[in-house]
Structure formats: structure tokens, C-alpha cells
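Each in C-alpha cells, the structures are laid out below.
Two complexes are shown next, each including subunit A; its partner changes from subunit B in the first to subunit C in the second.
Let's look at the complex of A and B:
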């Protein structure tokens, strides 16, 4: 086992070593190169895809600048969410308060853009100087006759996860506003898909083919009006459980809507997600439609995935992502491609999540909570991985090490959800892992020489990067 | 058509910024800190700031950007961040073992009023800073200035904490290169070396944020100014401060603290500003300009004259950082181009406006600081329909909406490569700029040319 800081020892575990008891849900150590973010970040990414709402960041300019159009959540209509609005607080407001400026900004923006609702994000400094954001929002709401919702996302109030909760609270303010628009008795809400590269559209289309209506997508390609009617749907299907379970719980408590945790990533999990919904409706026709859909999709994509698997068999991957539910699906999907996950971790997993990860991983797999680049790179070297799956800050680390990379976060350019997503994923993993560029990496050159020696000695087949 | 909402006539905005043309101080401080060899930048605030700044720099440089955070929670925000910083200093030296930690504040730690100097002294007194290691800090409130100010503040702190005057002159010349790309810093060093001038260039991010692929992850890539050089900057003959906003504060402090005379210069972007830089190096170091540099200069003038007919009366709108803008405006004006508008979110003050107008005259729209955002810039572009736009990646939305070619310059550039490796400063940088500008203009001419005047030789 590699060297790690004493305080973090309990947050790293190698399967098969001892009894599994991973410490998690701890704040990051002060002074660590944490890959985690803040409350504001959590709220902003969840609410961001609501395209016909105004998103006003109340704080200094940085918070708005760094979240300007970074998420790649696509909209089929309005694109107001892609603009960056900030009250750009200056020294004067820090001393005398920013309420007046917030009021004026909100009023100007609502008059100019006529949004269906407005979200006001309170940042660190707003919490500190004590602006009454709630009161300003209430006043503007009364004057402008649209929902004006404060999002309590002061950065220091916790980590990204607490921002999800703040976002759910804000969203819940919109739920139940529309009792008029007709809705099929077989309707669901898609929770926790953010329509990166159009993924929500893929999922929605599956449900349409099954005979199930999507009442609202929260928040992918989201609309204020749709969220307003979501309380009349029969089922909440939660994908990104880290961010959206809380909203599902609120809706269950108030509107008695049951919810299911699902994942649309990988063949097994996508099929299971669709069957979960079909079974819920206890409708023979829906069930038949689902069987047909899954059968035909799997038949369609299987040969393509198989083609990639042949070359990828035996490769090793490290996975470090934000939410742990995503990690489960990745481990399974990689297995489909013949790739073994040897390092896996998340920024925000809880006890239950890590127990499950422990179950599905092979012996020898390193499981980590809230890791940092130094640790991660050491694990990757120690386990000799061919591929890293992560987000923006992990990408160059992999590349510098001469290791392939696949983005499973904001910077995704292609849809990875659903059956066709699995084909895209396979292609992306293949194109990076098997790229001829790695033959120029010093690490790979050394490694292939080593592999060749090993092969001589043991007469076993190595796993060099030569393209088939 | 993302920005189709933008109206053509200027709308009054009294209380907000729409699509900012700047970002906040800490990211500039983090970037400057990366320009010290074996330095770990530390963000004193909540985790999000550090994560955002690292992401922004990672996207721009496509290199791992390392920095630590004090991980503020509610407790720290109420009772102060001293405990967090003390713990951070201990942990950082234990786990990551840098030579130096460069702490910058965030708006949060600024408002709660943490006294960083006192905390660092306390850490030293309690033995938390190992022998030979250092901790420096700068104040970077996000609600004042911009990323440029943050860069200037961190550079000034390097002088404040490190530079010393021993009375024994080294004969070297300090060059503070400003908030420019690693490729630019590299080029500044190359020019000085070519002229036989011994320099201390700081900060210097070359080899840090554009490091080669070596098959392993390095917490501290090989580049960066070593601490000893920043210390000895106090014994140099003179300081050349490139860019008034980013470099002057540090140069002034060196003058006050160590009696090193300073020469303020514009960023050496374009012919004239590079001439001034080379000439100042020549005079200060008492060397003559070598033939090799004269050849480089001559080549720029050659291309310029070969192609000057394509520049006549072409118009350009510029958005970016003030130091860049001042030099760029001068270069474009020298090319016979007309500047329609110049916008920067960074407060540049009346000196900035004066410097721009000295080249462009009164017809150019110039705005900096409050109210100067990309929304305003878009409106100006709509009204004055320039032939070219100069700006960072965010300007691509405007370029697409208005169907005007964009020359990517500034920070951030998320969607192209090259800025890390090819300079825009110096004569070679001027050649690269000329190539970019001409390619954009000629590509457009080719695209729009009717069949009969679509020509092979241009």
C-alpha cells in the first residue's frame, strides 16, 4: 500500500485486505489538493439546465464567471441559462450591503428577458454580510408575478453535496404550481439527468416508446412550467441520486409520489431502469413494449460493443468521479468491455455507496473517498492502469502519465446514457485506450519493454498498447 | 444564436454584469504563484474557489494545476480561519513538501478579516514551517479589481516577502513579464539571452503550466523562478516592468525596498513595444543589439510591408486585459487598422483610456471597469460591425452571431491550443500575430469573393 496521510488512512481501502469499513462523508482535510467544490457549485450545476429561468449569481464576479456556460447541458428551446448574470459585488456593497443592487439587478433582468422564474444564488460573501436575499426575492416576486427563488448556496456552508440540497429546496418551490395541464396516468418525472450532450432526449424517447409520458425532466432541458406539474406524475425516477434524492423525498412526503433509484449508464443498468418503470405501472402493454425495446436495442448495439471489447479485453481502469452511483455503473460497463476496474472512488459517496462498491469490485481494487492528485497518480502507477475516467481536473493528470482518459463529467461532448450511449462510451474508451499516440509516451515505452521481458520469462501474453 | 437577446442600442444597466469581461483576483494570484519553482499555491477560503480556479487554469493550459485549499466551513467563517491555515501549512509541508507555499485570500477570508501575516508568523513561531521552507501571502479580495490585480498582488508579495538587498550588485536585470502566457515568458527570456543580458524573470510559468509529457505526474514541474533568484532580485541593476497593471506594483516595491530603479514599459506585443523593450534592455545592460535580433525585426517589417495593403482601413474591436489591449491597439494602429471599441472588465483607470486614445484618437469607444462586460462589447460590435474581433474564448459567441472572424488572445482560451507554446510577444510573437490577422482577413476575402475574383496569388 502506498504512502498516505495519517488522517486519510481510513478513507482508502484495498479490497481483500481487512474488514471493509471505509471512512467517508468527512470534510476535506485543510491543506489538501481536494478535487471537491463548494455549496454554490452544487446548487449551480443542478439548477443550471433550467433553460427558461433566469439564473442570477449574487456575489463578486468570480462565482458567475467560472460557471458561465461550463456545463454543456443542451436545451431544445430557450437558452437563457447559458448567459452569465452577476451582481458583481464591489467593496461598497460588501460594506453597506448588496440588497439594493440585487433588487435593481433582478428587476432590470426580469423586465429585459421575461423569464418564467428566477433563481438567485447567494454566495459566500452574501451569507457573511447578511443580505436578506429572501426578503428581496419575495418583494420582486410580488411585483413581477413570477417565482423568484433564493438559493441558499453560501459556499462555506458545507461541500458540493449540501448545494444539491439547497437546489432541491429551491426546486420544490416550483413543484405543484400547475394543476391544469393534462397529464397521462402513466407519467413519470426524470430526476437527476442534466441533458449533457442530449442524454435526456435519449431517455425520454425510450419512455415514449414504452408508452410512458415524461411529465418533467429535472433538470435536463428543464422548463419551469413542466416542473410545476411534476407533482401529478405517478413515479419519480432518480438517476443522479446524490443530487436529487432529497427532492424525491420531499415529493414523496408532500405528494405521495414513490421514487426509484436508477442509472442509464451501461446495458444492464439501462435495461433495469426501464423495467423498473414498466413494472411500476403494472400494465401488460407497457411491459411488452419495454421487452421489445430492450431486446431490439441490445440486438442493435451488441455487435458494435463486442467489436470494441475484443481489443480492450484485459485492460485496467481507474475511476474517480463526483457521485458514487455513477461509479457503480462505470464498473459494470467497463466489465462489459473486458476492462477491470482496479482503482475506484468518488468525491461524495456515503457509507452505503462504498459498501456496495466493495461488493461489486474485484479483490485488490483500491477504493478511495475524496482523493487528491498525488494519491490518485500513485494508485494509478501502482496498479498500472491503462485508462482513467474522471472530470476536468483529472484529465491532464492521466495524459501526463501517458494514460488514456474518458470524461464522465461536465466536459462530455457525446451522450453516454442509454443503449446508444454504451456504444459511444465503448468507442470513446477504445479510441483513447488504443490510440497510437501512447506509443510516444516514455512511460508506455518503459512499460512495453517490461511487458516484453515478462512475456519472455513467463511466456504469458502482455497487454501492450499495440493497435489491433 | 445564444446572444440573440442582445439589443443593438445600448441598454442602461445600473446594477449588474452580464457575461463578464474579467474574473476575480485569486485565479491571477494562483497563476502568478505557479511561476515560482516548487511552489504550491494555497487558497485561503472555501473549497469551491480553489476548485474553480484550478479548473479554469486546467482548461486553459490543459496541464495539471495544483493548489491547496483551507477548506472553510461554517465554523471557520464565524471564528476565523486561523486554525484552518495553521493545519493547512502543517499538512502541506508534510504531504506535498513544496519549497514555498504562496497563500492568497478569497472574498470570504477577506471579509472575516483573517490577518494572514500574523497567522504565518505564528506558524513559523510554532515550528510549522520546516527550516529552509517559506510561506508568503497576498490579499486578493474578489470584490475589488480582477484576475489582473490578483496577479499583480501576488507578484508584489514575492518582492515583499523574498527580495533582499545585500549591497552587492549582481549586474542582472529584473524583468517582470506581466500576466502573459508561459510561451511569452519563455520568449522574453530568450530575447534577453540572445542579447547577452543576464536576467531574473519572475514570475515565470514556462515549464510549469506547459510542461512536457514525461510519462509521470509531477506535483512540481521543472520550470518556475527559483526562490533564490527572487531574493537576489533586490541586488539587480534595474527592473523592467512589462505592463502597467500587472507588473508595476512589484517593480515599485523593489525600488522602494531595495533601491532597484524601475523602467515601466508596455507589454512587448507588436513592433513598436518590442523595440522599446529591446532598447531598454540594451541601454540598461549596456549591450548592443545583436544581428540575430535585427534579423528577426527585419522579418517582421518585411511581412508588414509585403502585406500592408490588406490592413488599410480594416476595423477591429478588442476585449481583454488592459496591458494586452494597450500594446495591441498600438500594433493594429501601426498596421493602418482602425479600432472601433476597446473593452475590459478590469478597472484600468484614466491612464488606460489615455494610453488607448493616444493611438486611436477620440472616435474609439473605450470602457474599463464597472459596466464593461461582454454584453456591452456585443452591442458595440453590433453597432460598429468591425472586420475583426480580438478576445478570449467567450468572444466566440459574439463572433458567431455576427459572423466576424475572431483572433483568440487573452485569458481564458478553452477551445484552441497554441497559446501555451507560441508567443505573441517579441518579434517572433509579432510575426505570429501578423499571421493570425492576415489568415483571418484573407480567409474571409476568399470566402466572400465572387467566382471571378477568387484568386490564387494574394
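Let's look at the complex of A and C:
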């Protein structure tokens, strides 16, 4: 059996065991093959969808190469975000400093691509060689007359979460730059939806139908100008709370904009998100619109979801995702499909998040923070799951184990948010879980044989009991 | 022929395509990625990247997207204090933990730009670690120095092979036995190379061998490290072989594994281009035949015959067509040689690396239409696109990363090399030998035919 590293034992919990006090928010253990990325990754994924900005990775080539066009964030206009620019530091710059190259690279790129703003990501090595990224950015900003914003994302300065924070700080420098565009009194900012496969558009359309104006989407289908006016919206609606709560807090402090945390995954959470916004405006018409919207959407999608449920009822799932808020919604959404979550975890959850997960999960569920492939495979075996929900790195783990898989990370090409997202999600889960290919999987065959033996034992027991 | 050897006839400079200082969509990856692939090509070996968490996660994700296999790469997970005070403690802790969980036979340690820049003395840490463990059995520790600001993933690849050989190979009485260092190829290529070598009935060691580890079967139980790979024992024996065949000439130099085996143990070193196309495969077969004393097996002679036959069947569809190729230096050289022998002009040969030998190797490989061939080292995809626009190419050969080029230029992309992450089966693409060339040829011809067919106003069902 796979050993859980001693230092990690506190980061694993099985509901029903004595005391619930999951250790989390720790740096990954050295030598444990964590599924987590780094500070740079956190910043890069948050800022990525800002489509009319230049994103320049100041560092060696790998960091930029691995994040080229990495997200499924789509744009309704410019697509500059899909390019991967890098200063591609060489040995010479590592020794003598990379400021000159950064300055030259920034200048040429801004002149060539005419972006509305530029983000400069400082990667781990830049933190070491001590380049004054701030000064270079300030100089270029003055010369080129666009915001040139350093993002402090040195890889070793913490975890992905610290990268989220760095991204929020960078974003905050854009907020408040535009005071021209008029906004309706019922306007919101959508925070932390990244327009994967057009999800922001789905959500925006709901709000439009409710009579609520979207002032900006930070950062899905993002635009520098929109972010600039976001400080005049009446409410911030935060979806990916892990990444964007900090920006919401900054905006609350400076511009007194209240914020609400929501999720657009699953029927319940989507409905609840829309109602939260409607209630905030205390407007009878908006509330009525929302009721109508929810009722008609649910009526529309329910029969479809039900159809999938008929086949999926009774299956067991493992969920391992980046942010814990997504995990909450997934547990609930799976429940709608008759699927029980028996293993659940995230890369970045905090104490509160895990407490909440503990509340909504059934007894016996394994809850885990910052897991690794070996542990994950062990829990999946122990709990005998039929389905894993995760990202690209988790997919081969599931497949090798003969377990169905549904991709719920930032690369996906299918919209999973909102009501239609629920239908897509159900279809995704269904088309993997019910595929006939599993009949050939040695792992699955072995498992089914074991279950059959267990059932046999059970039934003999049953006979025995009857006879007594 | 003499003229064909004239390097000045190949156009372009040894610098980038375009004059940008920044890299715009890199046509290369970083060194620890190459090292990690090599380490996974050794039986029971887990790669450990000495640096921040992100490097190993990014590299895993990238490799998974091509091979579609689990690939566990550990990290020593630098923190701020390791960056200041050195990463020794983290490295040792990582060795402990990865040892406990995976029970590996070998741990392949690749440094990153981070650990290299702070000047971590990994060799010293490893010595300390061994001492601290006293007599306790520990895995073999191999250390490759792979800062990403020095070279590309290919430098990392070759450096890791060298490091493994340096750590494990031993001398002794010479055996009738061959070493093969295959270059960065697909799993299917590695399988095919092994098959060819076996047919010459000479025992051999191929390093690395990720043909199974990164393209394995479905499992009945979860495996910590997928099975397969060059065994430790086989690597030990590499110092006693008759010769090392090193595929890919750009890495030739005093610092690669073949040179090391030659210098330390007197193993003869033979450098060949990757055997793609008839000419390069002939050279490979001849060399094998020469070393082993076994004539080229008839099945390969027949495969070659069929390939010639199909070259003739398809020649009209490809003759005079213009191709863009990009990728790893040695891979592009062999591709160019193949295209050249079927009458396609490789109008743009690009690589993200800088070896300084690219142009020279290309002019050895290409014999026709030199005035039309442009050569770019240190290239990136934005540069390739800019340059490519003016060249009116008909087809592109390269990794998935050329998808945008193909879209913008409106011409087909034949996916070859690494990474193929927008298709299934990149790891099963065959490029080498007569058989691999056959598949390539068919795909190139059919790519052109399909393009003509879709572009035709009325369409046609016979060619």
C-alpha cells in the first residue's frame, strides 16, 4: 500500500474520524509530487484573459513556453493574450542583470503590438539577480504612455495563492483609471470568471436578462478599459474566490464596493448566485426577472439532467481541483446526478474551506489538501471510485486506473458554468462514465471481479442469516 | 555535389528569424524538461527537479499532454529561505521523501535556473547526503546540471544522458555489444530502433529508453513508476561496448555521453544523423551492418524497396513543393534531408536552439535548390510566421505548436516531433527507419492532396 508521508498526515482526513482539523496552507513538502504550480503560475492564469494587454514574462524561456496559450479563455476581440512573450534570459543576463534586455524587449513589443497596457511577470530568477523591474516598468510607462505593470511573481516566494495576490495588486493599478463611461446604478463587476469556453458570456447574459449591467469582467474576456471603470460599479460578484477575493477587498476598502462570493457551477449554486445579486439590489423587477430566469432555465435543462441521472445514479466520484470553491459546487452538482463524492480535495483550500467541505460531505469521505498522484491513486482505490474530476495532470492517473474522467480545469474547451454548463457537465460525466471502453481496462476488470466476490460473500452471508 | 556542400548557399543568418529581442512564442523548452524525459527512460528512476515547485509541475503538465501517461517528477520545492541560504536542506528532505514513497532505484536530479544561480553545490549536498545515511542503502543519485538559461531542452536531454553514463558506466573486458543514444524521438521510434538493432543480432543498450515508461499499457493496479526503461545494469555495461552510435550530430563534442565513453573506456563513438529518409537510414543500416558484421536483414531491404516504390508513386504531388520545418536541430536536419530527397524544398529550416552547427549540418543534408533554403537558429514561432509568409510555402512539418502557422498561412501541418498535444498518439508517431519514412511520406503526400482536394471548386474522387 502506498505510504502517506508523515509530514502530510495532518493534511488528510476521513470524515467521521474523531477531530476535524485539516492542516492546510502549507508549502508543498519537498519530494512530494505536488499537483500545485508556483507563484508565477497563479499570476499568469489570473491575468491571462486580459486580451488587449501585453503579457511579458521576464525570465528564462521555460516559464513562458509552458504558459503559451495555456488557458481556454476566449476573447470577443483582440487576442494578444494568446501570445507568449519572454525576455528569454541567457547566461549573460543572469550574470550582468536583465534590466537592459527587459527595457528593450518591452519597448519593441509595445511599439509593435500597441497594447492598452503591459504586464511584466518577474519569475524566480529575476528575484535572485535583483533586476529593478519596477524602475524599468516606470520608465517605459512614462515613455509609452500606457500602464506598464510589474507583477511580483517570483516562483519561490510562496505558492500559487501568492501569485493570485500579486495579480490582484497588479489589477488594482488599472482600477479607477477610467471615469468617463456612464454606468447604470444596477451594475456589477464579474470577478474571477475567466471566460473559459465562453462561460463569462453565459453569465453576462443571465445578468442582462435580470436587468443588471455588467460593468466589467475581471478578468474573463478582459479589457484594460473595462477594468479601469470597474470602481464605479455597485457590486463585486466574486466567483473564483481563491484568486479574486483580495481584489474585491482592495476595492471595498478604497471604493466602498461591497462584494459577494458566488459560484456558477451546478444548478443550485448558479441560482443562488443570481438571487444573491438580485437581492442585493432590492429591486422588485430585478427579483421577478431573476425568478423567471431561474424557473425557465431549470425547466429547460432539468429533463436532460434527469436523463443522465438515470444512468449515473449510485456512482462514486473523486474530486481534485485547484480551488476549493469549485470543489463545493462539484460535490453539489454531482449529487444532482446521483453521484456521491467520496474523495475530495484541492490545491489551495484554507481552513474555512475545508470545514465547509467537511460539512457538506457524507461520512467516510476522504478530504485532502495538496495531494500527490500516489495518495490520490490510493484513495481512489480504497474508495473504489467510478469517476475523477480534475485537470490535465490528473487525467492519466484516472485512465490508468480504469476510472472515468472529467476535465474541470482552465484548459477545458466546454463551458461548464451556468445552467447550460450543468447540461454540458452531465454529458461530459456521462460520456466518460458510460463508455464501453472500460470493459477492456485490466484495472476495471480486476475491480469488477473483486466486487463480484464481495457480492457473493454478501449473498452467502445473507443465506446464512436466513437459515438461522 | 561539391557545390552542394557550399554553406554560403544556404540563406539566412545564424540568428533569429526576425529582429526581435524578445522571444515571441518560443520554439524550444527548458533544460530540465529534456533531463526529466531521459530520467524516465531509466528503469526505476524518478526525476527530481531542484528548484521551485512550478518548474516540475509545468514540465509534468507539458509532458503529459504529449505522452498522455502519468509522469511523476518530484521537486525540492524551494522556498524563499532556500533561495537565500541554499537549497541543501530541501534537496535532502526531498531525497528522503521521494525515496520513501517511490522506492526508486535511481533518482535523477536536474537543477534549474534558480538553484544554479544561487550557486547550489549539488554534488556536495549529495555527498553529504550519502554520508549522513551511513551504510543505509539509498538509490543511485545522478545529477545533471540543467540551468534553463543555458541551452534548450535538448541540452538538458544530452546532459542527463551524459550524467547517467558518468555515474554508472564501468569499464572492463570488451563485449560484443553496442550502445545506442537515440536522440529525442517518439516512443514508437524507440521501439522501432530496438527492433532494428535486434535484427542485427548484436546485444545493445539504448539509453534512454522511454518506449514503455512513457507509452505503456493500461494497468491492472496503480504503479508508482511505470515499468520499462534502460536498466541500471545495462548502463553499467556501456563502458565495455564496442561502439556507441549517437544519433544527432549537433550534440557531437567533447561533452556528450558518447565522447565520455570513448575517452574513459575507449568505446568507439559514431555520430550519425537521425535515420529519417532513405539516405540517412541507409547510413544507419550500413553502420550497423559494419559494426555487427551482419548484412542488412532482408525485411529492411524489402521495406526500403517498398518505400522507393511509393516515392515514385507519389513523386509528382510533392516535387517542387515548399516546406517549412522547425523543431530540435537534429530532427530538422534529418527532416530536411528527407524532404530534399523527395523533391520538396525545405524553404525554411528553423530551430529555437543555438548550436552554431545548424547551417553546416543542413548543408550536408540538403543537395538541391540551395538558393531557396533559409536557415534560422534561435528562432521563435512569431519569427517563423513572419518569415514564412514571404516564402509561399505549401506545407509545414513540425510539432503541434505550428498549428497557428498552418491556420494563418492556410496550408497543411503534418505533425511530427514533440510536442503533439492537440492530437492523440503523438508518442506513437513513427519517424525513423524505412518504415517511419514511409509513414511520413504518405502523410506529407496525402496532406498535400487533401489540401488540393478541399481547395478544389468541384472536388474529385480519383487522383
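Quick notes
By our rule, the second predicted complex is superposed on the first by the 446 of 468 C-alpha atoms of A that agree within 3 Å, B and C clash if a C-alpha of one lies under 4 Å from a C-alpha of the other, contacts with A are read in each partner's own complex, and residues count from 1 in each chain.
Everything below uses one rule, namely that a residue touches a chain if its C-beta (ideal position, glycine included) is under 8 Å from a C-beta of that chain, and two chains touch if they have at least 3 such contacts.
Small disclaimer: the values here were computed from a predicted structure and weren't measured.
Taken together through their common subunit A, the two structures put subunit B and subunit C in a clash.
In the superposition on chain A, contact is made by A:125 with both subunit B and subunit C. By the touch criterion stated above, A:364 is placed in contact with neither subunit B nor subunit C. Residue contacts after overlaying the shared chain place A:16 against neither subunit B nor subunit C. In the superposition on chain A, contact is made by A:79 with subunit B only, not with subunit C. Taken together, the two complexes place residues 5, 7, 27-41, 56, 59-68, 83-91, 93-94, 101, 104-105, 108-109, 112, 124-125, 127-129, 155-159, 373-374, 377, 381, 392-393, 395-397, 399-402, 441-443, 445-446 of subunit A in contact with subunit B and also with subunit C. Those residues of subunit C whose C-beta lies close enough to touch subunit A in the complex are 20-26, 28-33, 48, 51-62, 64-65, 68-80, 82-83, 90-91, 93-102, 113-114, 117-118, 147-150, 152, 217-224, 352, 382, 401. The touching residues of subunit A, when paired with subunit B in their complex, are 5, 7, 27-41, 56, 59-68, 70, 79-80, 82-91, 93-94, 100-102, 104-105, 108-109, 112-113, 124-125, 127-129, 155-160, 373-374, 377, 381, 392-393, 395-397, 399-402, 441-446. Partner subunit C is touched in their complex by these residues of subunit A: 2-3, 5, 7, 27-41, 56, 59-68, 83-91, 93-94, 101, 104-105, 108-109, 112, 124-125, 127-129, 155-159, 372-374, 377-378, 381, 392-393, 395-397, 399-402, 440-443, 445-446.
Of all residues in subunit B, those touching subunit A in their complex are 2-3, 5, 11, 13-20, 22-27, 42, 45-56, 58-59, 62-74, 76-77, 84-85, 87-92, 94-96, 106-108, 111-112, 141-144, 146, 211, 213-219, 345, 370, 394.
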